[in-house]
Every structure is written in structure tokens, then in C-alpha cells.
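Next come two complexes built around chain A: one with chain B, the other with chain C.
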Partner chain A sequence: MTSVIVDDRPDCDGPPDPAGSSEQNRRRVELDLGDRLAVLAWPGAAWLAALLVVAPVAFLATSILSPRGDVWRQQWETRLPGELVQTVVLLAGVSIGTLVLGVGFAWLTSAYRFPGSRLFGWLLISPLAMPSYVLGFVTLSVIGFTGPLQGWWRAQFGADAWFPDVRSMGGAIAVFSLVLYPYVFLLARAALRDQAGAAFEAARTLGAGPLEAARRVVLPQLRPAIAAGVAVVMMETLTDFATVQYFDVDTVSVGVFRIWRGTFDRDAASEIATLVLAFALAVIGIERLLRGRARFGEAAGRASGIVPRPLSGMRAGVATGLCTVVFALSFLLPSIQLVVWAVERARSDNGTPVTERFGDFLYHSLLLATICAVICAVVAMVVTNASRFGHRRSTGLAARLTAVGYAVPGPVVAIGVLLALVALDDALERIGLGLPGVAATGSFLGLVYAYSVRFMAPALNAAEAGLDQVSVDMTASARTLGHRPSSIMARIHFPLSRTSLATALVLVTIDALKELPIVLLLRPFGFDTLSVWTFNLASESRFEQAALPALTIVVFALIPVAVLSLSLNARSDAAAAAERATAPAGEGLL
Partner chain B sequence: MSGATNGAPALVVDGAVKRYDSTTAIDRISLELTNPDILALVGPSGCGKSTLLRSIAGLAHLDEGSIRINGVLVDDSRHRVPPEKRGIGLVFQEHTLFPHLSVIDNVMFGIRDVGRKAARQRASEALEVVELAGFHDRYPHELSGGERQRVALARALAPRPALMLFDEPFASLDPNLRTQLRRDVIGALRATGTPAVFVTHDQDEALAVGDQLAVMRAGRIEQTGPPPNVFHEPANRFVAAYLGEASFLPISDGGAGPVTALGPVAVESDGVEADVAMVRPDDVRFVPDPDGDAVISAIEFRGVTWSCSIMLADGTTVVSNRSHVDPVAVGARGRVEMMPGHPQIPIPADR
Partner chain C sequence: MPTTGAGRLLGSLALLVALAAITASCSGGGEEDVVRIYTGRHYDLETAFVQFGEETGISVEFLPGSDAELRERIAAEGEETQADIYLTVDAGNLAIATEQGIFAPIDSPELEAAIPESLRDPDGNWFGLTVRARTLVYHPDRVSAGAMPTTYADLAEPEWAGRVCLRDSSNVYTQSLVASLIAHHGEEEALRIVSGWADNAEILNNDILILESIADGLCDVGITNHYYLARLLEDDPDFPVKLAWADQDGFGVHVNISGGGVTRYADDPELAVQLLEWLATDGQSAFVNGNHEYPANPSVEPEPLIASEFGTDFARDELPASVFGGLNADAVRLMDEAGYR
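Showing the complex of A and B:
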């Protein structure tokens, strides 16, 4: 408190003398530089983060303002019409597929009890750990034209026996539906668990049968959750350009990849990438439209879920069978196949140079993922703290902008980051500071930047959840006890949101390990990750060699899925959760 | 910060205005608190009392006006001192103890610029003041609600603030504990000579805690003064009704001077126009009389007393307390008399 200037008038017990009031006017607390900076620093940091996230998207979006006629004409005369049609068909097909699987299984496991229903409640989310490019190549290799299944088929029924074409739009839709339905499943089931119970029972007492009640009362209540789930699914589908290539499906994202990796024509790639962005905006628009005026997650308090009714006999058998088939196709069988290949590969003694570089690839993957996770966690921590210490409305807007990367498909982020780095490079060159290599065909810095933009949202969500455990009044108390915001962040907010931040680290690390489109577009020459290795080997039909890196990714990706399952199980016991919330931080995950 | 001169202003709020969008949360508020007095700030929810407290603490910023704490200008709507430099202590309704720190670490959190040993010593003393000397190593979740609020008080007092602020500090405690804790808190403030502002919506608490009382409504201060003065001579009907049960009788011109159904009212000639007179339940007495023109219209048991609603001849109702040993029945007739020494208080017309 050395900066507080208090005049040292002699103590006097009487009323203050008239001169006192004018004397008091001179008594001020002198604010030091730190105080003055703090007022600007928090909103400044939040807006800097928002700016860095938005910049790539903005650079990309503005590239459409000066369109290059030759690019569009050439594209329009060759691939573009087909790409647009195939993108629409793929998105529609995957939406319908995930809707049927996700909502169907959510209803089945919430409203009924049958052998294994509790177990399937979390087994059915395991496909979240299976990247589409892994399931894609396993599917093709096993039941594709050259695979063992079709070989057997032809041996049985002759060389011309009809078999559905796996390398097709239908195959791609099936694969995406199988790996992406858990997003719809999770959100629909949460809504069923948290809010639909009372309305369902009310409808039953009013004379509606279970299916009528489900259709007329429960489904409309689930609409916001389903819309959110399908939107995530469409974004994931849109961002992909690897899996679809296995199936000869040509989407606009593939178009971006082909132009960039084929010609390194930045302008042409960015113009087609604006189309991908347009699709993403359309997805968000559709989500808003479907959600209507309902608020997602509006129900609070002790709303009860639907009480499951037991199924028996045939019906129970069908329910268990359906769950088993989908779990087997989407996760169990492909995992087994990967293990078999990996073991065969390890037994065969011809260790190829590629296998020997497994350590390198794993190191690259982990290095990239860890750096991005730390960046995301730190930025998320600063941004959420800024909204606690700074002007709420402005920093809140900054936080929302910082999270915008989740809604921007990978190719858009990647090309946008390239444009932003080129602009930075130009600016630096103008003031005489070269940044060699940054804006070239790809760089590690670009990769880290793009990953951080794309995966900031889960980190922000986790950091916000962590800070929610510190009440606004608690922060206020800490300030009146003489601590600056930075000290409060370090001594109060950080220790209390440590668990949430650890979760954020894990989530971002795994997402980054699985990520393929961005690294394919932006990786520097010779920088291979597990996902790139998997994709390249699978593209050349060297499935056995691809098994080891693919399996490694699946095993890592199972970690957050397991954490999610555990937390979902724990949530059913509300009392235990409340207890955990009040227990000292530090226990729990990690 | 401590050791401020007795009688010097601990807090001066001058013309404070705080707006949120289109609503004005506090509207040209001025008040002054002298060392080491305790001010109770009372009013219905949404009247702006918490906003005023937050502005004093530095958690909200004024749009107009100024605030001085212990003679130091902390907010003149341009120049603002952050909360951590205002030298105040703050206690909230919900305990805001840091869950990852032990009791002693919580209390030490605010003691700065002294060595760890000295800080520990001061924190121990603060815990002794709130009678929690043996609780050093407990964690907040191991404490009862009352103990948590005591630790919060000790934590706020330990840095020896120039001014303590309380935002409904006892609202989440059960009534018996609340009264006890209130006495303890007042005792601790008196013992340390710390001036304080108490925000509450509880009338009884407001009357009990303060040397001064300020009644707020809709962003304005309706009246300030020592609690007995405000209670017995309310500035308007709102203040009269907010601080306790009151009956209002219309004043008419009875020829010889202003009167109500209960007799003459002493209205100061230079006072503002008074249209009603206030009568508290302990000011009037019901005397059973079969020929009386007053009728008991309702009774309610309050424990120590019966609360009787009495309909007078002119149709107005007045409430009177009656000893539990002397009950009356609904429909009983009688007369209503003023208690000796209890005048009817003329109340100016409400704004």
C-alpha cells in the first residue's frame, strides 16, 4: 500500500476543521503503471486472441471480394458442379444416417431395459475414438472389391455375381454415419435424461401410447439437441477430404485439397475454400432454423428422465441385436482387424524403413498435439479470466469469437492461416524483418496456428466450466483483500479450475492427434504424423502397414471417450457429483 | 489504513449515479458515515442498495458523482481506484471462502506487505476475535454455515480495512444463528473500531445493527438518521411501512385543528402537507365495551402478543398488539385509545 498517499495530519478528536475538506481533495490513491495497464490488459488480451482466431477466416472471406474469373471458369467447367452436388448428397445422407442411428439408439437405451442396455449406453459412444479415415480404409480393405469378403462371394456365386459397390457415395455415407452418430446419440440422450420424463408421463396419462407420446411430446422437446448434434456431424463431414477420397467421392473440400497440393495456387485454393465456408454457414443456419425458438439445455433443476421399461422375449433380442451389430461394425470388428494386421506385420520379419520411423511419427504427433493443447489451455484461461475481470459484454463477445474455430471446417482454417501468414510475412518484410519459410508451402508455425484456431472451443468450454466453480463474489472477495487480477488468476482461479484445464489439455491433445485435413494441407515437407502416415499408407492400399499408426490413434482417442463414459455414469448419482464439486480441487481426473 | 480518527468521515458518497442500460440503479445518492459508526442500508430488493455497496467496493463504477473512503477519493466517475487498493473488507451472503485453502490460509490471504510469521500472527488474532481460535487447519467444507461466515469476517478484518462492507451477510443462515452471529459481528466491529456498511432487506436487522440507518427505494435514499428516529418519525409512508407494521389514518380538519378517527394530531405548521397519521401496533389499545363503535375484524397469534385488526367507525382499520393473557374474539366491540405518550405521527404525502 505504499502508493496510497495519506496526509499526516495530527489526530484530532473534534470535527474536522473547515480547511480539512479542501485538504482532503488532494488525497488520492496514486495508481501505478500496473493498475493502469490492468484495465486495458485483460480486454486487450481477450480481443487479441479473438483477432488471431478470426483473422484467417476474415482473410479467406475477403478473398472472394476480388474473385479471379479464370479460376472460377476453369473450376466450373471441370469439377465444381460435381463437387457441389456430391457435397450436398453426402451431407444429406450422413445427416439422415446419424439422425436415425443417434436418435434411435438414444430412445432405445433410455426408454427400455434389455440385456446389455446399460453397457451399450456407453459402448455405443466408442466410435468417437474411431477416426473416419481409419474406419474408411478398414471397410474398403475388408469388403471392397479386392477384399476377402467379395473374393469369397465371387468364389461362391461366380465372377459376375452382383455385390453392392463399396467404393461409392453409399459407402462413404455408411462410414461417416457409423463414426459420427455418437454426437447425435449423446446430445439426444442427455436431453431425454434431463428433461423429457415429466412430459412423457403427462402425455401417457392423457391417453397417448408410448410411441405416440414419443412422437408428439418427446421428439419436439429433443429437437434443439438433435439439431445441435446433426450440425456437429455435418461440420465433421464437411471438414473431411481424406476419407471421401477412398470412396471416390468428390466434395468441395477435396477440391481445395486438390488445387492446393496440386498447384500450390494459394488464390485458387482460397476461392474454392470460400465455398466450404459457405457450406459451413449454411449448416449453422440450418441448425438455428431447426432449433427454432427453443433454447438448448433450458431445463434446469430436478427434471426427471424417462423411466425405462423392460423389454422381453423377441423384442429384447432385437434390441440387443441391433446394438451389437452397430457396435461391432463401427468399432469392435475394425479394431480387431487393426490388431490382427498390426500383429501380423510385427511377426513378419521384414521391418521396413517406414515401420522403423514409427517413433518419429509418434513424436511429431505428440509434439504438435501437446504444443497446441498448452496454447489452447493458456489462451482459454486468459480469455475466460478476462471476462471475469474486464468489461463483461465486450470480453464476452471476444470469448465467443475465440471459439468460432470449431464451426470453421479444417480446409478453411488451413487456407486462411496460409493467407494470414503471408500477410504477416509481407508486413514484416516491409519493415525489414524477414520470416523465412513461414509463408511457404507449409510450416510448423502454420500447423500450430491452425490447430489452435480449430481446437480452441473445447479448451474454452472446459476453462469456462472451471471458472464457473469460482463464484463472482469469491473473485470480488479476493480483490477486496488486496490482490490484483493476475495474482487472483494464479492463486485462486487456476488452482480451482485445474481439473477442468487438465480435461481441456486431454481433449485438445487427442483431437489434434486425430486431426488429418489440416496437417495434410499445411505440413512442412517431411513432417509426418501418425494420421498422415495412416492416410498415405492406406491410400496405397498398404493396409497392414497402416494398422499400427491407426491403432495407436484409436487407443489414444479412447482416453477421452472413457473419461466421458465415466463422467456420464457419475452424473446419474447427483449427490456424489455435488460432493465432488465441494471437495478440494486436485482430486479427480489426472 | 487503520487508526483513522474518530469522528472523521469514513465514507462520503456524493451525488452517486449508476446506470445499467436504460435503468438507473442508483440515482444521485449522497451519504456520509463517521468513524467508527455502523450504517445499515435497507430497502426492498432491486432498490439499488447492493449496487451502491458494489460501487463503494470498486466492483462497479459510478457514472456520476464521487466516493471517498477514509478521506481518499476512490471514484469520481473518471479516476477509479481498483478494489484491491481501496482498503476495504467485504463479506457476502454466500460464503466466499477459497475452498482449496485452509482457514488460516484464507485469513492470511489478504494480509500483505508483512512477513509470513507476522501475517500468521495477525490471522490468528483475527480468528480469535471471531472465536474460531482452534480452527486453523480446517477446510471450508468442514465448517458449518455460521463458522464459514465467521471465517469470512475474520478474513475481511485481518488486513485492518478502513471500512467494512456487508452484503446481506446473514441471509442464508437460520434465524436463531443469525441473531447470535449478528451480535458477534457487531461486537467484533466495535472491538476493532471499524466503521461498516451493512446492506440488508430485513427491517429488524436494519434497526438492530446500525448507529445510522438509510432507507432506499428505487435508487434513491428516502431517509437517513439514527434507527429510533427513522422508525418513529418516518419521512413518508414508504419508510413507515417498510420498517414495521403501521396503520395509516386519514387526517381531516376537525375545526379546532387536524384530527383522525383516533383524535387530534399535532402537525407542525411549517411542515409539509401531511394527509395521514401513522399509528404503530403498540401505540393503541383496544378497550372492550359493548357500546363501542370499533369492532375486532381479525386476530392473529404472534406468540408474545395477539395482533388485532380493529375496524373503526369510519371504516378504516388499525392494528393493535394485545397481551396473550388478555385475548379478544373476532366481532368483539369496544373503544380504541391512544397509549399515553404515544402520539399519532403525521406522515407527509408520498411522492
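Showing the complex of A and C:
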């Protein structure tokens, strides 16, 4: 059809074919037809993606239309106010924690040279591979009241010796900050490299001291990047319900699950769940406010970035020490502890159950993560391209809706997908297209669908950052030269944003490897993953036996993290673009 | 329409997903006799099911998950569900599954003979298969025999302030225990007891942590399921926490069950019933012992470890599991009102 003729043109830059004007006319007619189709197809594809993401969430939101006043009143009179306060305190604490660690280390590793500074540039990203629930249970087991550290402490200083309460809000804030700060770190470092660095150097040349230059020039320029990073961090914290329970922090998300599981009232629970969504919206609002009018990720020309100054003596020691401590606490020590437990258990009679299915678990985890990453990347590319080819405002809205799943807790997404697929199944059956067997649930398809709903935002954001690298003029020129959108996407946009798309793959893979609640609810028989294995043991308090699967998750999530680190350290323009593309939700949601 | 780039991409995407789906479904089982179970119980199930397979030639596939989520899944799947059996811990979960219409009543004289009335649904929707007691645990060096609390309500008295470790209200075991207090004492008195607990206790989020906290001196007494202590004693026979059967002069110690029923849209209900019957009789020991639980079938001996450590001769609360299971939602609300986390 049309595509054959148009796409077969050897080279659009070549001289016009003098052979036949009728051939050319025919081509033009068909080109117009293709264009017209494209005008419909691109926004159509973007809105289809948005619809697929929003449908499951909307299924749960319908309960809001007939609110259950009694449950609201009872909750409002008892635990809800406390939950709201704790949610706010947790979000604020984790934001500050990740802000300090993320921006601090970005500045330290960009602006100074000290022993290990280059190495730490990528070691400090590795906590991305550590699921927060794993760091949570390792922390409690080691330095909680019953852990060896406090046992030793009491033996030294008596049974009543004071020790900070680990199972507390403070402990939760520390754990979340340690695993989530890389999001802020990555973005702040990219912004330093692209824009703020040059401005800093300019300010220094003009006579500003380093602190003044940092405060007056660098921080304002970093603000959008920081805001985007912290927004991601807040979403991750908000949608968590496992780690907070370890630390006895009573958030709104925990409340939703208590009501749902304890009173068996799904409607009431999903009403409270809308509060979580309200928080997510508030986060987005704050991010927008902080970002102001600045447009994140638009580098005007390639700046050379900051010139690192060497630190020496005491100062160098402190810098290396700080990096070492945070890397050790967030990644190295917990990993070592997991190794120790895994080895101990392997040697004991009471080993990790069903180790013989290890291969299956690993294969399932990798298969699922890979397929979801590819789907998210492809859909994200189509959706972002649509905003360039289609009507900008309308497709932009579609893109934002496509990212909404990131702001919804995993179990809520899972149940939403369950209900949506069942409705689809019924609808198909009614028009005589009944699918054989369980089309809706317990199928690999449903699982992939739910993952894609949840993790589209990181992919979308990376793809958008990638497309930003291609100027609108370039796209317009290509169109003037007769290329149809699909061809432009394949021949121009795709090659130029390849690095960002690779980043999208990497980010979704990491998230998908760590994911638990969706796979727990929607997987088919026998399709157990590493995270399911970890859950089965951890839910029975067999934490040491859970070390082996938990460690495996960390190791395999570390591979994409390493890929990301290495590509970022290549210090090319493309890598810098990829680094900017690592704002998984902030940009995508806005 | 596949002429557009987006269309073509979506086309190849669909192809990819289809391929993946085929790959994944190929790893599923064959066409032999299979019973499929959704289970909220994740102890050592395997031994029992493997044994069942060897004895009968029927294989068992099971999907561990969270109770509430699995119920949602069965309900949503409706007629299409693959689950033949829903197996779970706690009567509360079984009661709500019944209310949601997930089960089909079972008519099995063998099951009725094997399982006492208080441990099964009056209408035969579900049968308890294992028994766990939720009782008092204490550190013998810090609580003398004379000063020992004897009832759940005792822990609400001011003398125990700061000395008690209890499980959080999100946990279904706590919910069932409080539901039984409501059933025995009425809402008002139950509220008083739970408020007292809230004042006195350090609230922890798993039973192992409660036991270890007592061993390490954070508190002196607590309430846990008996098998968690058995598990710790198995690893370390000198673990310094003892068990006391609660409320022996009153209603008896609160016992809960894990159990299951046949789903309404089971593919092969007869096979499913056959498995439940086996688990209630010949398979009891294999099913129960892996988790140090008491058999639901009174004619089956409990394993030596719990028989010698905890004994078998104790008064059990006869309150039907279906009754306190049905009060679960009230228990959650009551704990919210009592300020019990």
C-alpha cells in the first residue's frame, strides 16, 4: 500500500526523479492520504495508550461516586488524622534526606577531585538495585532491638542502656533516603554537568566565592532537576506499604490495606485510596511550583561543565569518608549481610526452601522484566512521537495520563487491572468473541499489562528527554522533504534518542525486577518470581531464608544499574542526555 | 492502517506479547489430573502435596499469595477461575470468602467425621485443617509463676504497663483474637481490654519479633501463635521463652484454624474434595507437622516437639470459628477506636 511506495524512495535528499511526473503525482496523492491517516493514527495511538492505563485506575475510582459516609466518619474520628500526619512527616523527611544526600554527593563528585571521586560517581548509584523492603528487613534484623548490635550494646552497657529506636519514623526515613537518593543524585549531577557547571565557572571568574556562586547561581539552576528527582522519591515513598509497616509507620497507604483486608470492604478502601492519589497530585503540584518557569533539560549548547578542583589532606579524607559511609550503609553492608545469611542457610539443615526451582524463579523474573521494559519503551516512544506529529496539547495530555500508574500503589493497580480485564472479557463474550480460558487473569498478558501500567512513567520520561534532543526544526525539515512520520520516527528520532530509550529499558527493568504486589496477585500458576519467593519467606518472618532470593534480586538489578552507570560515565553528550532522562516520573507526570 | 508507523509498531508489539504469552503458557502443566489451589498459607506445603501426588497420582499445583488479594482474584475470575480450592489461614478469611460466595458447600461425610463442628462452617463451605493456639508467652526469669497473667484481659491491667509485646492491628491473628473477645465479653468490655493493651504494650509486626523481644528483655510477656515458639525452640532448645495456655479457668485458649473449601466454579470439585479429605485424615500429619500445628482431626496425634514442649491437654475456646470470623470487621473498627495500632 502507500507505505511501500513512499518508503521505497531511495534517498529523500536526491534530485527529483525526472522520469515521470505522473509517478510523482501519484506519490503526492498517496502521501497526503498517508498524512491524513497519520494525523488520526498518532493521537489515536497516544490516546489508546492513555485509555489502557487509566481504565484500571478508573475502575476503582468509581466507588467515589457513592461514598460510604460511615467508614469515612469512623476513620476520620480514629486513625486517619494520625495517618495523614505520619504520611506528611515521612514524605517531608525522605525528601530532605534524599535532597541532602543526592544534591550533596552530586556536588561533591562533580565539583571536587578526591581519592575515589570518579569511582563513587557510579558506586553511589548502586542503591537503585536495593529494594527498600530488603534494606528494611536487613536493617531491623541487624540493628533493631533483637539484632546483634543492640545485643552487644546491652551486654556492654547494661540492659537499660539507651539506644536510638530503629523501628520508628526516623528509621523509616533513613532507609527510604538511603535507597532513593540516587534518583536525585543522577538528576542533579546531570544538571550540574549541562548547565549549572558553566554558570558556576562564570560566577567564579567574576569574583564570587565558591559558596556564594553555589548558592546564587548553581542552586537556582539545579532547582528543576532537584524538584523532578524529589517528586520521584515522594511517589516511591507514597506508594510503599511494606517497608513502612516494618518500621511501624502508619501512612495512608497502610490504612487502605488495613481497611481492605481487615473489614473486607473494598469500596471503603478504595475511597481512602483516593487520598493517596490526592497526595500524589499534591506532590506534582509542589514540583511544578518549585520548578517555576524553568524548563528542565533544555541545555542551550553544550557546556563544558564544572572543572573539578582537587581536595587534599583532611578535606579529601572527609569527602572520601562520607561517600564510603553512605555507600556502605545503603548497599555494601546490607549486601554482605545477605550473603552471610544465604551461605549460613545453605550450610544448615534448615536451608532456603525450594532452592531447586531457583532457575525457574530467575527466568520468570528476567522474562517479565525484559518484556515489560521493551513494551514500555516502545509505547513510550510512540506516545512521545505522537506529541510531535499530532496536536500538541491533546497528545501532551494523553502522555501525562499514560504516566499516572506510577502514582498508584502496586496492589491498587493489580486489582484495577483485574477488574478491567474481567469487564473486557465479559464485553467480548457478550458480542460473541469469548476468549478461550482465562483471558483476564492469571495470564501472562494480564501481568505484563499491569506492569506496563505501573511503570510507563519512567520509560515515558526517558523517551521524552530523548526526543527533546531532536530539534523540532529537524522534524519539520524531514517532513518538508516528504518523509512520513513513521519513517521520521524510525530513521531520525529513533537513532538520535537511542541512548534515552536504552535508559528507559534500564529503568523499567530495575523497577520490574523489584516489583512484588502485582506479580503476587496476577501471576499464572507456577509463574513464581524471585520477589514472590522472597515474599513467601519474609511474610512468615523467615528473613534469613529469604536472603538468597533477595540477594539474587539485588545482583540482577545491579546489572542494568551498572549499564546505566557506565554509559553515564562515558561522558559523551548522548550519555548526558541519558542521565537527564533518568527522571522516571517527574517529567512524565507533568 | 498498519501503514502508519504507530500501527505497525503496535502490531509488532502485539506479536511480541503473544509470543511471550505462548512461551509462558508452555511452561504450564499437562492434561493429567490436577488440583489447583490458591493459598494464603505459605508454610511447608510441599511435603504434603508431593505425598498426596505419590499416593493418588493426582498432582497439586498451588499459587501462594495474600489472602485478601486471592479472594479478589477468585471473585473477579468468576466462572473462569482456575482455582479448585481456596486455602487460607484464619477463620476471618474463611468467613469472608463464604460471604463473598467464593465457596460451594461440600457434602462429605468423611470430612464431617474427621473435623469437629467448631472447626468447620455449619453449611459445609469450609473445613479447618490445622489448629493454632494464640496464647500467652513469657520470660520465666522475669515473670514468676505466682505473678503470671492468666487471661488476655490481665494484660490490660496497669501492672503490666511497659512489659507487654503485642502484634499490630493489621494482622489477622490479632483481629480474630479481638473478635473472640467481642463475642465473649461484648463490645464495651472488649474495648476496655484493647484500650488497656494499647496503653501497656509495645506493638510489633511479627510474632517472631515478639518472642525475640521477650528473650532480649524488651518486654516480659506477650501473645503469639504457639508454632512460632515451636519454630524457635526447634532451632535453639534453650530459647528462653515459655508458653502458658491462656484463660484455662474461663473460655479456654483462643484457637484459630487454617483451612479451605472448594471454589464455586472448580473444574473438578470431586478431585478437590478428595484432596481436602486426604488432608483431614491420612495427610494430617504431613500437612500439620511442617508448621508445628495441632491437627484439626482429634484422632491424629500432634508432633512430638509440641506434644512434649506445650502438651496436648489444655482447654480450648469452643467459640465456633465461623462466629469470630464473622466479627472480624468489628474487631478492626474496635481497635481503631481503642487507639490500638
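Following the convention adopted for this analysis, the second predicted complex is superposed on the first by the 348 of 590 C-alpha atoms of A that agree within 3 Å, B and C clash if a C-alpha of one lies under 4 Å from a C-alpha of the other, contacts with A are read in each partner's own complex, and residues count from 1 in each chain.
One rule holds in what follows: a contact is a pair of C-beta atoms (placed from the backbone, for glycine too) under 8 Å apart; a residue touches a chain by one contact, two chains touch by 3 or more.
The shown structure was predicted, so the numbers you read here are calculated from the model rather than taken from an experiment.
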item: First (chain B), second (chain C), both or neither touched by A:159; value: second
item: First, second, both or neither for A:520, with chain B first and chain C second; value: second
item: Which of chain B and chain C A:547 touches, first, second, both or neither; value: neither
item: Comparison of chain B and chain C by chain A residues contacted; value: C
item: Which of chain B and chain C A:539 touches, first, second, both or neither; value: second
item: Which of chain B and chain C A:450 touches, first, second, both or neither; value: neither
item: Chain B versus chain C as contact partner of A:496, first or second or both or neither; value: first
item: Touching partner for A:484 - first (chain B), second (chain C), both, neither; value: both
item: Chain A positions touched by chain B in one structure and by chain C in the second; value: 1-3, 38, 484
item: List of chain A residues in touch with chain C within their complex; value: 1-3, 34, 37-38, 41-42, 44-45, 48, 74-75, 77-79, 144-146, 150-151, 154, 159, 167, 245-246, 248, 250, 254, 257-266, 350, 353-354, 360, 367, 371, 374-375, 378-379, 381-382, 385-386, 411, 414-415, 418-419, 422, 425, 437-445, 448, 484-487, 489-490, 517, 520-528, 532, 536-537, 539-541
item: Partner chain A, residues of chain B touching it in the complex; value: 1, 5-9, 54, 57-59, 68, 70-74, 79, 81-90, 92, 94, 96, 98-100, 109-110, 112-113, 139, 141, 152, 155-156, 159, 161, 165
item: Chain A to chain B touching residues, read off their complex; value: 1-4, 6, 11-16, 24-25, 27-29, 31, 35, 38-39, 471, 473-474, 476-484, 491-492, 495-496, 582-586
item: Touching residues on chain C, where the partner in the complex is chain A; value: 1, 3-10, 13, 16-17, 20-21, 23-25, 27-29, 36, 42-44, 46, 61-70, 72-73, 76-78, 80-82, 96, 99-100, 168-170, 172, 175, 203-209, 212-213, 215-218, 228, 235, 328-329, 331-333, 336-337, 339, 341
